[in-house]
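Two complexes follow with subunit A in common, the first pairing it with subunit B and the second with subunit C.
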Partner chain A sequence: MSLVIHQEEAAPILSGLAELRELPEWFRDRQRAAWKQFESLPNPTRKDQTWRFSNVGLLDLAKFKVGGTLTEEERDAILERSRGLDEVAGRMVFAGDQLIERDVISDQLKKRGVIFQSLERAMVEHADLFRKHFMSQPATLGSARFAALHQALVSSGTFLYVPHGVEIELPVEIFHWLNGENASVFPHLLLVTDELAKVTVIEHFCSLDPQSPGFACGVNDLVAGPGAKVTYVCAQNWAENVVALQMNTTTVDHDASAMSLNLHIGSRYSRFESLSRLSGEGGRSDLLAVAVAKHQQEFDARTLQDHISPHTASDLLYKNALDDRARTIFGGLIRVEPHAHFTDAYQKVRNLLLSDDAEANSMPGLEILADNVRCTHGATSGQIDEDELFYLHARGIPTKIAQRLIVTGFLDEAIQRLNHPAISSHLQRLIEEKFAA
Partner chain B sequence: MKTETSAVNIDRSKGDFFYPEAHVRDAGAGLSERTVRYISDVKEDPDWVREFRLRGLKTFLEKPLPTHWASKDLEAIDFDKIRYYLSPGTEAKRSWDEVPDDIKRTFERLGIPEQERKFLAGVEAQFDSEAVYSNIKKAVGEQGVIFVGSTEGLKNYPEIFRKWFGKVIPIADNKFSALNSAVFSGGSFIYVPPGVKVKHPLQAYFRINAENFGQFERTLIIADEGSEVTYMEGCTAPKFNTPTLHSAVVELVALKGAKIQYITVQNWASNVFNLVTKRGLAQENAEVKWIDCNIGSRLTMKYPSVIMKGRKARGEVLSIALANDGQHQDTGAKMIHAADETTSNIISKSISIGKGRATYRGLVHVPKHLKHCKNNTECDALLINATSRTDTYPAITVRGTGNAVQHEASVSQVSAEQIFYMQQRGLSEAQAMSLSVNGFVNDLVRQFPMEYSVELKRLIELEMEGSVG
Partner chain C sequence: MKELNIENLRIAVDGQEIVRGLTLRVPRGEVHALMGPNGSGKSTLAKVLAGHPDYHVTAGKVLMDGENLLELEPDERARRGLFMAFQYPSEIPGVTIANFLRAAMQSRLPEGEELEATDYYAKLYEKIELLGMDRSFTSRAVNEGFSGGEKKRTEILQLAMLEPKYAVLDETDSGLDIDALKTVAHGVNSLRGPDLGILLITHYQRLLNYIIPDHVHVMVAGRIVRSGRKELALELEERGYDWARDGAIEPAFR
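And then the complex of A and B:
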């Protein structure tokens, strides 16, 4: 028996907007405007500085479809495989942009004012918060066209609000699943923290069928209020035929600190844009990323550490291990706006090349418009140190395992910075699974 | 420490003089096929050069301005108002006595006193577009070194010239190399025979002395197997109110085991667009080293490059940029590794003063299946005032497992402790600042030949005047 949960017929993305969804009319207006914007913006070319080195040919959306159905077998399989952390404060599982399971947060947190609900409910119940923060920052790192597409087609997602002084100790977990041939998803997370709040969120991006091509186009708005602590982790593990774009904006208010870690395991092409806006004094942002690129995979990371206010700090560490014919691109910029004095910014990208056909592109950039600053960046590309390998050989460890140990150790530097053992071991497990495959 | 400071008044009086123009040949303003044919006629170009120029013109007109990545300021260049060719009507001179007196006076102001000649192997001084003075010391000539103007080079030594001309930098490399290919005149042609080590640096001073006149010199240096040569180029220009364009093309060819060192001190007036393409080709075991110092101009875009084509070739760029009010120094380096065991080194130091903007733009390319290639890049930027700006835009591509590339950049300001320390010992804040800035570039300046490092220090002091206090 197969029960159809979601009735909408799948239609090609490019065929236009469907008018079926039950979203508020004002939001539908925004979506129509966004669709027009999507249609008016040109597809990126390699000549655009923000797409330099990118394989833009992979961004042909013609074959991808929106909507679709989910059978009960698929639903069960997805829920069965939605295993992340052992202990969480709350959990949402989306399949094809449909919320299929939600583990609610404790009554205690609810009582203290924490809101954890679907995006479409938040549009109605918390319209003010939603309107204030939902996609309030323009996508400036190159993907304005895809941010518009996301806005036009987003139908669900997560809204999490943590009020003044509330600290959620356990992580909140969100799963997004792609299922079906050429399916697409438009994940969204709107995370708003008030003063002195604390929260950790981990997002898992996965595909039900490891062979199916698909398309993911997500946007996250992460707002760290004054003195708040926000940790965001993304475990990107799409199937190896998936084309994925993710645009994250983090706003860091005064004395707040934001930390993000993006782990890239899956997809054919994954572009991840991270904009960190340091808008208040004493703000701090840590940007971490770990990529294990194999076969023909291409990971395209674009970052902006935007120092708007004086006395802000940011620290970026991106680590890529590349094997086979994989490619990575890092395009990062530290921008210190005029008057943002006493900025302390750091940016480091390290590439470990494991094969002769792998290619690492690094573009670490600085734009400094204030003078009382300390900004440094570094980029290195190299291979496994022969001495390290010899050391392990001498202890009887075969080459393959020795290499794996060295690579894991190389990547671990970034993961350990999270200082969150449960999440770290989950991420390490994903990395090990990829090596074992 | 935070020093709020006023905008800087640049004292450019030292370069701010000119003598009456007496141009015999003038192609008029604007660029068309007619202009290009006129230049060819005046210069009595052989057919292949005529064709080369016309292809350059076609490419120039077809290519858009690179404003999708470069400064929008490029749009301020009015190509129709520029005069693309004029010449004082004098032929290249062989002896100092034949050089007109007013030109000699100009050179004296530039700091080429006559007695300095004995230190210089040859002086190729360019006054506007024609070489007015060309002299190679007898000893160098006897070694078989050819050091002539590019026009003379392509006429008298076509068999060497043609083989490499336009090969390192093809016409269509970029819009401005195409422009240069269409209207080039002046510049040097140097050939150093196998095994010859030219002891003294060959030197050429360039100068613009006609309003709205673009200078499009073309230099080709070929160092044959095992030879060594150092070439020095310095420029200063008088001030004019309308933008002036300088767009040179410099090609270096270092054959097996040869060494070429090319030194530039650029101090164009602050209305000059300085858009230069410089590239060297290094064969097996050869070395190309660019020492590039940019102090003047309104906008400089210059990224000296080395293509390391032979095994164990080496490339190096040492770059100093100083950007003051109204200036944008967009400089950097490109290192193309194209053979095993090639190594390259880029060291860039920039100083932004007042509202000046210094940009480092770099490219390092290590394609696949190469082994043991190494690149080291260091970029340090110093910001003097709150309104100063600096940018760093490197692009690094590495394929394969046999290579090591590292890039590091830092941005900082002069340390308050240093200034305090020096002020304690009786120096004024401005003196302390100047000393500190000179210290910042000192390890690079030391690599310059003596007379250049002295000149450079003086120029930096000059630029720092009035930047603090």
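And then the complex of A and C:
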């Protein structure tokens, strides 16, 4: 008989809030309000501009459940498979939104004021920071309903605070596991950096069982303080039956720089909303994404590069490789607000189609309300170049391997921009594994 | 017979015959230069040998050590021992030279056998030095942003690594300054030996000052009009292609 690590009656998501959780009453009030908001907002339809081309039929939540049990066997299997980077500054592993393992940060970092703890502890111990930054921006890219659902049902997550002048050299690593049939998770990362701080975080999203359907609805608040440098990497590798939504907001203060890379490997449908707010002069944001879409997978990316202050820069590069009947959607807007003069904003989407049935939809957009602005945007789709393929053939490389090389090379442009060899090789390995499967 | 044997080959492109009955034998261990003016069909011949899908063989045959080359897919030809150094090699964005060559060498191993990484890199670095290149070069994407000289040296690096039985070098001297030309020639010369047959395709005689051929063939309008020893190249340089065409045994144009 396997031991049970935690047991909680699994209940349908749509049955509403459980009253069991030990969270502060003020937070529970927010959750109750969020649930009401969730119920009052309509399900999206394709007629909504922010859901154009999306397969909204997959968003039926009726079958998904919150809570559930985790056995010792399952926990061991999850910990065994929670292999990310060789060297990290700190690490948390969540299974079904329960923190099951934590490698704390060094005493030295702790002494310098770095806080790395679970979200529910931060609500109590660092309530002011938490309240100031937790979901402080409304979800404006289409998923207000799901942001409300997340807020209502979030029960754990990661809180990371890096104080003034502290640079964490090694990445911080977080795993989120889905476990069980029709299970759901509501991952959250609240990352706050103070002036001149530096940190890199990588989140791995995985399923214990490659067949089980599941639902993930995550929100991240990433705050780059003045002159800070924040790198965020998402390695989305859910099982191929999972429906996932992720809403990230990055706020970039003056002279700060933020870089994000989202790798999409798994899931049936994965929507990723990235809002990058350039709120302080001299801020810079790099938005990268890499997707390998196969079978019937659908990756739905919605982005906003919001230039609020002058002399800000943003650069988006999204690269998708699509095979079989896979679909990708890119809806991205560069908005240069009044007074945000001397903005540099770029947006580039490249789709590599490996099959005639694959479909890449791109909707780039510009909204410029300031002067002296440099903006370019463009989205292109193409197939593997025949001459490139012939060149590889002429070296003896068979078609299948030649295609794989060309595709990984195509995606590599975005991965190399991270300028982080350890993370890059981890992401390359995930891509290789997908091709080998 | 250990030779690359091209017999009465005819090639059409878009319905027009470009190679019109070409016969040529390159035994292993020899270097044969194939010279000809622009449009004589030299590069078309090279592409057909490599198996480019856009070219259509209408008659004749090509045997590599007795095996019918034209029946094989391009990657199969390469694995059996044919190498083509391209006049205009493709850029492969994001694929490093090291990974590219590794895939090429892995494809030559029997299924289930893994290329030994340490040996591979030792060999790669040895050949890199031979061509006067820096090791860091192997981490660059294949031909991406390369100068003309770098591209050609990369072709010869691949030749050195893959150790084919026959190599077709298509205008390997084009786009090279004198220093790059010498480096490339040095690389090719160091690979000469009894196990390698080389077909050196060139427009100009200058390459043949550095890679001395055993035989020279002159190709005009789709067929070989003269063959001789290395001196033929000098004579051709002096007298020009018109001389070669006029003196042909068969008329080049009908």
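The definition used in the following text is that the second predicted complex is superposed on the first by the 437 of 437 C-alpha atoms of A that agree within 3 Å, B and C clash if a C-alpha of one lies under 4 Å from a C-alpha of the other, contacts with A are read in each partner's own complex, and residues count from 1 in each chain.
The rule is simple: a contact is a pair of C-beta atoms (placed from the backbone, for glycine too) under 8 Å apart; a residue touches a chain by one contact, two chains touch by 3 or more.
In this text, all values refer to a predicted model and were calculated from it rather than measured experimentally.
Once the complexes are laid over each other on subunit A, subunit B and subunit C both fit without any clash.
Contacts of A:394 after superposition: subunit C is touched, whereas subunit B is not reached.
The superposed model places subunit B and subunit C at 80 degrees from each other around the C-alpha centre of subunit A, with the value given to the nearest 10. Contacts of A:118 after superposition on the shared chain: neither subunit B nor subunit C is touched. With both structures placed on the common chain, the touch criterion links A:137 to neither subunit B nor subunit C. Here subunit B and subunit C are compared by how many residues of subunit A each touches, and B touches more. After overlaying the two complexes on the shared chain, residue contacts for A:71 are found with neither subunit B nor subunit C. When the two structures are aligned on the shared chain, A:296 is found in touch with neither subunit B nor subunit C.
Between subunit B and subunit C, the minimal CA-CA distance in the chain A superposition rounds to 16 Å. The touching residues of subunit A, when paired with subunit B in their complex, are 47-49, 52-53, 338-339, 341, 351, 353-384.
By the touch criterion given at the top, residues 50-53, 73-75, 78-79, 84, 86, 89-95, 99-101, 103-104, 107-108, 141, 158, 162 of subunit C touch subunit A in their complex.
The touching residues of subunit B, counted against subunit A in their complex, run 2, 68-69, 366, 368-369, 381, 383-413. Chain contact summary for the complex, subunit A toward subunit C: residues 385-388, 390-399, 401-402, 405-406, 408-413, 416.
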